[in-house]
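Taking it in order: structure first as structure tokens, then the write-up.
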Amino acid sequence: MDAILSLAADNLLSPIILSFVLGLAAAYARSDLSVPEAVAKGLSLYLLFAIGFKGGASVAAHGIDQTLILSLVAGLVLSFSIPVVAFGLLRVMSGLDTVDAAAVAAHYGSISIVTFVAGSSVLTSAGLEGEGYMVAVAAVMEAPAILSALWLIARSGARRAMDGELMREVMLNGSIVLLVGAFLIGWITGADGLAQIESFIVAPFLGVLCLFLLDMGLVAGRGLRQSARLLTPGLLLFGVVMPLIGSLAGLAAGMLIGLSAGGVSLFMILAASASYIAVPAAMRVALPEANPSIYLTLSLGVTFPFNLTLGIPIYLAIARIATGG
Amino acid sequence: MDAILSLAADNLLSPIILSFVLGLAAAYARSDLSVPEAVAKGLSLYLLFAIGFKGGASVAAHGIDQTLILSLVAGLVLSFSIPVVAFGLLRVMSGLDTVDAAAVAAHYGSISIVTFVAGSSVLTSAGLEGEGYMVAVAAVMEAPAILSALWLIARSGARRAMDGELMREVMLNGSIVLLVGAFLIGWITGADGLAQIESFIVAPFLGVLCLFLLDMGLVAGRGLRQSARLLTPGLLLFGVVMPLIGSLAGLAAGMLIGLSAGGVSLFMILAASASYIAVPAAMRVALPEANPSIYLTLSLGVTFPFNLTLGIPIYLAIARIATGG
Amino acid sequence: MDAILSLAADNLLSPIILSFVLGLAAAYARSDLSVPEAVAKGLSLYLLFAIGFKGGASVAAHGIDQTLILSLVAGLVLSFSIPVVAFGLLRVMSGLDTVDAAAVAAHYGSISIVTFVAGSSVLTSAGLEGEGYMVAVAAVMEAPAILSALWLIARSGARRAMDGELMREVMLNGSIVLLVGAFLIGWITGADGLAQIESFIVAPFLGVLCLFLLDMGLVAGRGLRQSARLLTPGLLLFGVVMPLIGSLAGLAAGMLIGLSAGGVSLFMILAASASYIAVPAAMRVALPEANPSIYLTLSLGVTFPFNLTLGIPIYLAIARIATGG
Amino acid sequence: MQTHKAKRVEIIIEAVMEKRLTDALEGAGVTGFTVLPVRGGSGRSGAWSRAGQVSRAGGMSCVVSLIRPEKLDPLLEAAFKVVERHIGVVSVTDCDVLRAERF
Amino acid sequence: MQTHKAKRVEIIIEAVMEKRLTDALEGAGVTGFTVLPVRGGSGRSGAWSRAGQVSRAGGMSCVVSLIRPEKLDPLLEAAFKVVERHIGVVSVTDCDVLRAERF
Amino acid sequence: MQTHKAKRVEIIIEAVMEKRLTDALEGAGVTGFTVLPVRGGSGRSGAWSRAGQVSRAGGMSCVVSLIRPEKLDPLLEAAFKVVERHIGVVSVTDCDVLRAERF
């Protein structure tokens, strides 16, 4: 318990968390501080490229075994099934109707790559490292949850065909393609490749992450300021309980596969995190009736900060205890 | 004298000054070289974050004493009072009417953070370092001058109420919030935090500053090309004399408080510099009748280049002599 | 032969090439991955500034001699004359009319600075280094080809006056001004200047290049997907044969002047490369009747990838054999 | 100068639907359109701004198309099918255009 | 398709006044508007461009609002109070809109 | 509110020709215009998008000018000379403006 608390305290007072808090505070104070859209996108391209590449290079260094395949499959299974749990919980805990509940559920089955990135850097500073291929697992977990959500809605009568075009958009959305592509490049070019671009993707990484989290704080804060009234106690509770549940599913998966303490932590983080880029876009296309303020506020305004501050240290501590690592 | 000249020569031939000159020259030659707005904003976010953080980390390292409070108070006093001097001078030296004179005066009471940043890097290469909290002093000096200018106008009859909304906008403008926020983050996370993001905010800093000054040269050059005809000899002279006067006020403040040679230099630079971001925006809201071409051309086209090239080495030399440092 | 193949293989599996391939693949798969326009421009500003500065710093370090002047003159001559060859070839190999053929020819007489940048980094990893002033040669080779193309058209009757305004635009376009300006700054500030901004322009350079090539892959891929049908076999062949011809002209020039193996390689690369930024813009002004899809697809979709993957290693190998370096 | 009667249709639509809309316009025989970026706005579903956003979800595009009057109805039908379930607005203005052969 | 008469109001205003304008519009009962970025322009006070600018001072925004005809006057009154002392232009065009229930 | 009849001219033109166009407008006595960025579009010469582009070659600008009705013809003549050989479209709409003294 002490270890968790001290880790959480360290984490809370790190530049990346404080940058997020600064963004939140600036938004609440209605400062005009803002990051241009193009710059925010540029930062996210950098983060995806860097995290993907490093994952690939790490796979090149450590080799792979069957745990890679098992992890990918487990990721798929989690992404497909978590929305069902989330949907059930939401129907019980909140007054959301089917469409809104399914839309929210899709977000929790999918993942947030920035949470993953932040988690990885906490792992690194705690002296742990996850399996490099976990970025590939992150990529496969983005999309399936969307299918589950649409299936949940179809089940309840309001047939909603997933058209092929949307399917293609979701599977080939920019984040997935860049993450997987950079992963493959890192894998192919290995240590040599990493040496060439290390001072771009490794050294300044945490600093870039600070600026990006500042921006996320601004966006989340503005969203919260506008939509906090939508957050009923039930929804708020869901936004904190659901990641814990997800993390336990991730724990189970990671332990069954036999991942390292780092890998198990990352699995927990992935399962606990909620999408705020790919899934919202897909929901606007497939479920325009669902209120975006609900799912965005919950995912970006509640669950993301929770994971960033308390969640990650908790998952890490649990993973350490569970794996004895 | 020799020391000043050699320092000035060194300074004039540094990459950052030459980048500014390149921008000026490109604008004069009507090249289509330009930095996208989003990129310019991104660079300025980086510079504010980095300079704020480093200031905070330096405070964490050296501790603080009552000079911090005294410096903040002195900064406030300077920012409030310099516009009064500037206004008087302008009324004597130039044919500007009350509104234009007050608007210009507001710019000189406030500060230019890029001049501060450039000055800091000259200090560093001269082996000096100012008190880390001078970035906080920079932040408190941004806004008061605006109030003084509005008071100057109110005095002369043309009542102009400063509405609360504008007040909030000015106090919480993005640059102030980011600068102060990053300062606090640097202070809280200290040496540990700095170590984490050093290769982002320290190593590439001067290079980023070069690109930003290239952009400032382009913007200043375009402004000058369009509005140089507004610069009467009286105004031009003001644009060079006023920073010198300001710097002496800064010198007095720094000496009274007992700052180091670096700290005194920074105080001089702040007092000598003229705003070109926050104050122009506030003036457009509060004094739309004032001609922006006058204050922008003077601040960005005359005083900024003067400080960058000659002013900083002069202030530094004076500070060294005065403090015996 | 083996050396070429192994160099080509190394090159093909480098992060920069694979990043380009990733972009191409993403565009072909119709992923929505994209780099914001402002970010792409920001990256290109960085690359131009860095390559120019490093060239200048290298001149400051090694001094210059008459080969500088000779190289500049040779660059001018090549840029003026290559379009004539290209035009003749196009009239024979493809069904393009005079206007389209002249427009394409202008692109091949001019140069692609990214090809130059990529070539320089291959040189560096092969342990070679070209004369630093080759970036100045690159700059002088941008514009003359445009004049040649307009002259080719005028010859064939369709008089097309090059107005002074366009001339100025072309000579002072942003890339030339930044490249030459940064070169001069690097030259003036020399080793001192380089030391100040090295961790900005040297260390992260290859990583930035990766992101930029990813973007170029996306843009090239989208262009190809839309316009591949315009590429008749004759045009396709031209897109591969013309760079080889150009490179031989560059080889002759470099050998006559007596450049190092690195310098000869760079001359070959410049002569082989085809513009895709400055010349297209000039052609839209001067020859609006020419179909941009043809020249852009050929230059960016065929010749650029060819040079990037196979061309550069070939030129390098030839230059080594020819110079015995 | 010689001008010709035409219609200017302006459709403000969610960015995620932009491609579907322009595909539908092309399907309806529209020969040209221009897409303007949108920075923010407000409507019944609340206010929004693109500042700092990465996802395409919270953003709109503005598609402007100049068409011959007789093509208005097919265009509106096609556009309506896409915007129907989505937020956004469609407006039509009378205008005159140069170079009618282009439409 | 069924369309309805409406007005399209386009206000080009200094960026620093944008928030004050949209607040005033909301105060006047306007239910929706869209903000387009502006890249540059020229007028009696000279030419300007956003290239390389960091300050919001030298920039304009374009606010477009579609409204029912009867709301035009309150909107213009409200807008006028904000733009009065400032540079910028206001234009009104007749238009037809789909889905009138949205306005 | 007091409004005045005016014309709203919207010219979508290749970015490389923007400066030439606005110079021509100024030559024709136009007192003001606003330039909006354009993100993409489609026409007889194909579809295009600014995403990831560095060159100004493949891009368009949108120039909007409000003018007194009597200035329409000189404006169109001037604009036509610039756009003549180039891709792009020109449209004119009737509108009402506030503060006619500004035009």
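Should a chain be cited, it is by its letter among A, B, C, D, E and F, assigned in written order, with residues numbered from 1 in that chain.
Throughout what follows, contacts are C-beta pairs under 8 Å (C-beta built on N, C-alpha and C of every residue); 3 or more make two chains touch, one makes a residue touch a chain.
Predicted model, so just to flag it, every value in this text is computed and none were measured.
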Taking each chain's C-alpha mean as its centre, the one farthest from chain B: D
Where chain B and chain F are represented by their mean Cα positions, the distance between them in whole Å: 39
Separation of mean Cα positions, chain F and chain E [Å, integer]: 18
Whole-Å separation of chain centres (CA-atom averages), chain B against chain D: 45
For chain C paired with chain F, centre-to-centre distance based on mean C-alpha positions, whole Å: 34
Multi-chain contact sites of chain C, meaning residues that touch two or more partners: 32, 34-39, 41-42, 199, 203-204
Shared interface positions of chain D, touching two or more other chains: 36-37, 56, 93-94
Chain-chain contacts as defined at top: A-B, A-C, A-D, B-C, B-E, C-F, D-E, D-F, E-F
Residue ranges of chain E in contact with chain D within the complex: 1, 3, 6, 8, 22, 26, 31-37, 61, 64, 66, 93-99, 102
Chain A residues touching chain B - in the complex, by the definition given at the top: 13-15, 18-19, 22, 25-26, 29-39, 42, 125, 199, 203-208, 210-211, 214
List of chain D residues in touch with chain A within their complex: 14, 16-17, 20, 45-47, 49-58, 85-87
Residues on chain C engaged by chain F in the complex (per definition of touch): 34-37, 40-41, 44, 165, 215-216, 218-219, 222, 226-227, 276-278, 280-281, 283-285, 288-289, 291-293, 296
Contact set on chain F toward chain D in their complex: 10, 12, 36-44, 60, 62, 73, 76-77, 79-80, 83, 89-94
